[in-house]
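As written, the chains take the letters A, B, C and D, and residue 1 is the first residue of each chain.
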Amino acid sequence: MRKALILGLSITLLLTTFGAGAFGAEKLELGALYPISGGLALLGEESWRGAEIARLVRNEAGGVAGKEIVFAQGDASTPSAARSEAERLVEQKKVAAILGTYSSSRCMAASEVTARKGIVYFELGAIANSITTRGYKTMWRTNPTAADFSKAQVGFITDWYAPKLGKKPAEMRVSIAHEDSDYGTSVADSFSNLAKAAGIQVVSVEPYAANTNDLSSVIFRLRKADPDIVVAVSYANDAILLARQAYELKLKAPLMGTGGGHSIQSFADALGKEADGVLNVDFTQYEVNEQFTPGLKEFLALYKKTFNEDPRSGHSLANFMGANVVFDIIEKTGGSLDPEKIREAAMAVDIAPGNTPTGWGVKFEENGQNVMATPLVTQWRDGKLVTVWPESASVMAPIIRE
Amino acid sequence: MDLYVQVLVSGLLLGGVYALISIGLNLIFGVVRIINFAHGEMVMLSMYLTFWLNHLYGLDPYLSVIIVLPVMFVFGVMFQRLVVQPILTTSATMKIFTTVGISLLLQNLALIFWKGDFRTVRTSYSMSSLEVLDIIISVPRLVAFGTALLSIIILYAFLKYTYVGKALRAIVEDHSVARLMGVGVEKHYWFAFGLGTMFTALGGVLLVPFSSVYPTVGVPFTLLAFVVVVLGGLGSMSGTFLAGLFIGCVESFGGTFVSPGLKEAIYFAIFILVLLVRPQGLFGKGKGTEEVGLK
Amino acid sequence: MTKNKLYIIGAFVFLVLLIIPLFYESTFVLHMYTLIFFYTALTAAWNIPAFGGQLSLGHASFFGIGAYTAAILYVNYGVSPWIGIVAAAAAAMVGGLVLSLPLIRLRGPFFTLASIAFAEVLRMIAIDWRSLTNGSVGINIPFKPSLMNLTFQSGMPFYYISLALAVGVVYLTYRIRSSALGFHLRAAASDDEAAKALGVNTTLTHFIALMWSSGITGVLGLFYVFYIYVLEPQTFFSLDLFSLQPALNGIIGGMGTVWGPVIGAILMTPLGEFLRFYLGTIQQGLNFVVYGLVLVLTVRFIPGGIVSLLTPMIKRKKAKKTANLPKETEVA
Amino acid sequence: MALLEVKQLTKRFGGLVAVNQMNFEVAQGEIVGLIGPNGAGKTTVFNLISGILPATEGSIVLNNCELSRMPAHRRSLAGIGRTFQVVRPFEMTVLENVMVPALTRTKNTAKARKKAFQVLEMMGLDELAEAEPGNLTLAQRKRIEVARALATDPKLLLLDEVLAGLNPTEVAENLPLIRQVRDKGVTIIFIEHLMDAMMSVSERVLVMDQGSLISSGTPTEVTNDECVIKAYLGEEDPQC
């Protein structure tokens, strides 16, 4: 027995040591790091699907620089798992770059690893500002940041909503309700700062835990603060709960979501017609002016073909767009993922808004952030999430429900 | 003033469901003396069952109790026979970890079979509410509260007036005395487990009209139910009911007047404090506590 | 196997571990080892109160307190983490002190529940108290490589640091177990009342054990945050990662023994990682299903942990020694 | 000057009076037997003196030192040693079992080990030092129980049925140990159901019934006491 145990332990240690065999490469292997288990699994997987479709399409068309693209998949179920997985992808799978990640905290942990190893990291979906403000030379992000979300929200409030109410921006009262993980907190902070800078009154900020089963206390606090509009930053479950209880407890102010929680189909399913009129600011969704988003229709068809259902949110589209940008950059370097060559190729990209499936333009700043990506304001109308603002992308005009 | 009444009503309604879920735990914990970390997963399973009955066959959530309760009773009995029975004689640690393992297992089986989507059942009454003197009362929550109250009264009567109920009460109070009195203690385990699971499941069913269903939905309920049971006192049904309402109100008032992000922290802190000062619980008589590790 | 032979094997394994990084450039392998050593130390620290039969599921609280103390001192006040060790240990011990208050009256399952609640309360406070902890956004350790800053370009220094921590903590638990404290803990675990009647202040004994355990866990929190660079409440006060995991390692290896935590950490850490990337990517959640099964089956069939599979050998050896004694007949 | 003075000792569990107004003294060097029918409260008296249970009322004075408010472990340090009716060895070797109490007197494990060996030798258990108590006979385990109590260097030793369950040979072997321990200067109170053994060893006997002390005196005096006989036969007698 004892011998068996010692043997077992030695085998474990040996496996740990040698299990990490090298991988031959005529292919272009990229790490695809998303949370595909744990609490963020749903949208993590949705995000991965977008990148996967981009990969399949590109391979059918001959790959990148003549090489077939292969994804080495990693599961960033928690921030520390993200760190482990980044290590594993780089060291064991020998990937020369990683793309991902949907979740900001996972991206932060994983990209700390790649930055120190001088490996390129492409973020296609996480929005925390800090991802591209750390000054890492190997960090690139194709999607808009939390600050861009806030800009869109503030813009909508000052340009459309305040005039509609017949108020000046300085008379507008805004409350923020946000889930209290890093995602909700940083987005809420960013909005709060921008709103104040625009002269809007932020009358209350209500953080709450996303896994709760009752948000009545948040609603009571919001009722007390009596805002003109409530900006909510939520995951999926709490977005539903907040909207349901806001309706039940007769919160007067309309809700404006920020990102995934409010644009996922289950939100509309859960609320039925009461979802009507809920605003949201998010990545490009599917009910959008097609002039503004060339390639979106094709993406929808591909999605249906590949996964046999309709997309559950716009995350897949954003990752599809981002992955394509990444492949184009790699194409230009001739398949090299050397950080310097990537930098040279990336800084040369210049696409005006309205020319990609998300409608986003592409122009990178020194810090690796795409400054031409802007989120859009959408609104639930008859069970569909339609783009309502800005006008160039909208298919309907926004309404305020009584 | 209105706000205080509104917050109170809201807390009481919430507390009703907490009480129901905790009553199930109290029965199981009291009789079998096991800390079941998979308790929240029983809530989760009953919620999924309700959801699927509605989704596939259009069965109203409230009507689905006819199916969900018996099924979950059988599930509870099976759980006792297959999982708990073999570890009864091991240490508390082993019991805790077996149920932690089961909880992990059930959560992830749910993830595999039903995916991580947030599923909801929408009924005509899902978001309807009454307004009485400016106080808003959510209908599904009121139904949940009323049902909780009613079923706790029924359980109370059952424990008080039937032979099996009396035996269960004797076991909760003191295993060895019950044994001396000729009560077959182990014989009642499966029944207590089934019954406890059934009440927990009823709590789950009542949650469905106003709460999403997803694989980890039960997680917060496990610790919450323990807090309620300990505050209410082991073996005390009325204590558990009051403690459930109390925790509901703590959550509601704490969330509204302190911070929504700290509402759980407040009742956990109260829990630790009560363990410190009055381990037999706020409403408990302190019976049977010695055996399970309270002095 | 004689004691000497065991020492030789131990020394050999240690030497091999010392030179592994010289042959392996792959930092993934180093990372896996670092994690194993790290969890070995963490489990061993968790195991100290377990000598006395106390099952804590709240060690994340000490871990988080230590990590936050050191990180805040370093990031806000420029205090070197090496000095921070003292502060981290002290702060975590204050946490241990608070948790030990209920210990005066609680035993067994109730202590376990109180410990979970304690860690949860701390997690929520860390989220809420933004001026101190920066809330959920957390604290980043700036990348300024130097020994004083406990920040390194390569993974190798942390490999040795974590190896030293593992060896040090395991040795410490070995010393504790064979000291008066260890005897009294084991006596209290086995029969609290009998121990008291023999003059053992069991409350004080449990308290001292918790102090050692919380202090060490706090220091480990410090090293972990400088290893992983990012500090945020969901991870550092995580029930799964730092409360359940060490307990799980300890139980699967053998709770309340010196070598149980070592075996548990060596087996479970790679298992968790391998399962995640082999099964987790095939089917969401499958890895946790296997993990849950391993847990349930181990508890069911090897309740004493893997270490208990070894003890029959030792017992048989000892039995041989006593076999030649006249055996008295039992009547009871 | 009495070594132990017990005054008005009372223990109530809810409505039940387990020990009622007990008064007695034990002199230095005595061997005192404590007898009574089942449920008389004998073990409760031991629990009260050793501090396992808190007394509801009354005082317990050992060597002019008031014990009744002290926790159990301090009473042990003050000089009270006891055994339990149901043997409760710790899950460790015999030697380690005896080292536990020795280590409450010294922190030095080497010294404690030496001390434990001495006690084991005295109890004739030295050859079983490395054995696990679980594998031993009841007689041996009972001796471990005594050895553990002795390793605390008690002034007063409370022995709770150390002979129960042993066969006649074992009783004969264990009996002299009691005197031997006393000769080392340890005062002893012991509970025993084996009347012959009890009477042959004890110098004085206390008799309890339903929580009260109903008689005390030399073995012969007690056996002739009518109250005692009736108590054992279960008859009520208002005079007793």
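Following the convention adopted for this analysis, a residue touches a chain if its C-beta (ideal position, glycine included) is under 8 Å from a C-beta of that chain, and two chains touch if they have at least 3 such contacts.
Just so it is clear, the model here is predicted, and its values are computed rather than measured.
Both subunit B and subunit C are touched by A. A comparison of C-alpha centroids places C closest to the centre of the full protein. In whole angstrom, the spacing between the mean C-alpha positions of subunit A and subunit B is 37. Computed centre separation for the pair subunit B/subunit D is 47 angstrom, with centres defined by C-alpha atoms. In terms of their C-alpha centroids, the spacing between subunit A and subunit D amounts to 74 Å. Per-chain CA centroids place subunit C at a distance of 42 Å from subunit D. Counting partners per residue, subunit A has 37, 41, 45, 180, 207, 209 as the residues that reach two or more other chains. Contacts with at least two other chains are made by residues 124, 127-128, 284-285, 288 of subunit C. Pairs of chains in mutual contact: A-B, A-C, B-C, C-D. Across the complex, subunit A is touched by residues 3, 6-7, 10, 14, 108, 111, 115-120, 122, 126-129, 136, 138, 207, 210-212, 214, 216-217, 219-220, 251-252, 254-256, 259-261, 263-264 of subunit B.
Looking at the complex, you find that subunit B touches subunit C at residues 35, 83, 86-87, 90-94, 96-98, 100-105, 107-109, 111-112, 115-116, 215, 223, 226-227, 230, 259, 261-262, 264-265, 268-269, 271-272, 275-276, 279, 292-295. Chain contact summary for the complex, subunit C toward subunit D: residues 178-180, 183-184, 186-187, 189-191, 193-202, 315, 318-319, 321-322, 325, 327-332. Those residues of subunit A that touch subunit B in the complex are listed here as 37, 39, 41-42, 45, 180, 206-209, 211-218, 220-221, 224, 236-237, 240-241, 244, 247-250, 264, 266, 269-272, 274, 312.
Within the complex, the subunit A residues that touch subunit C are 1-2, 5, 8-9, 12-13, 15-17, 19-20, 36-37, 41, 45, 73-75, 77-81, 83-85, 87-88, 90-92, 105, 108-109, 112, 115-117, 128, 130, 134, 180-186, 189, 207, 209.
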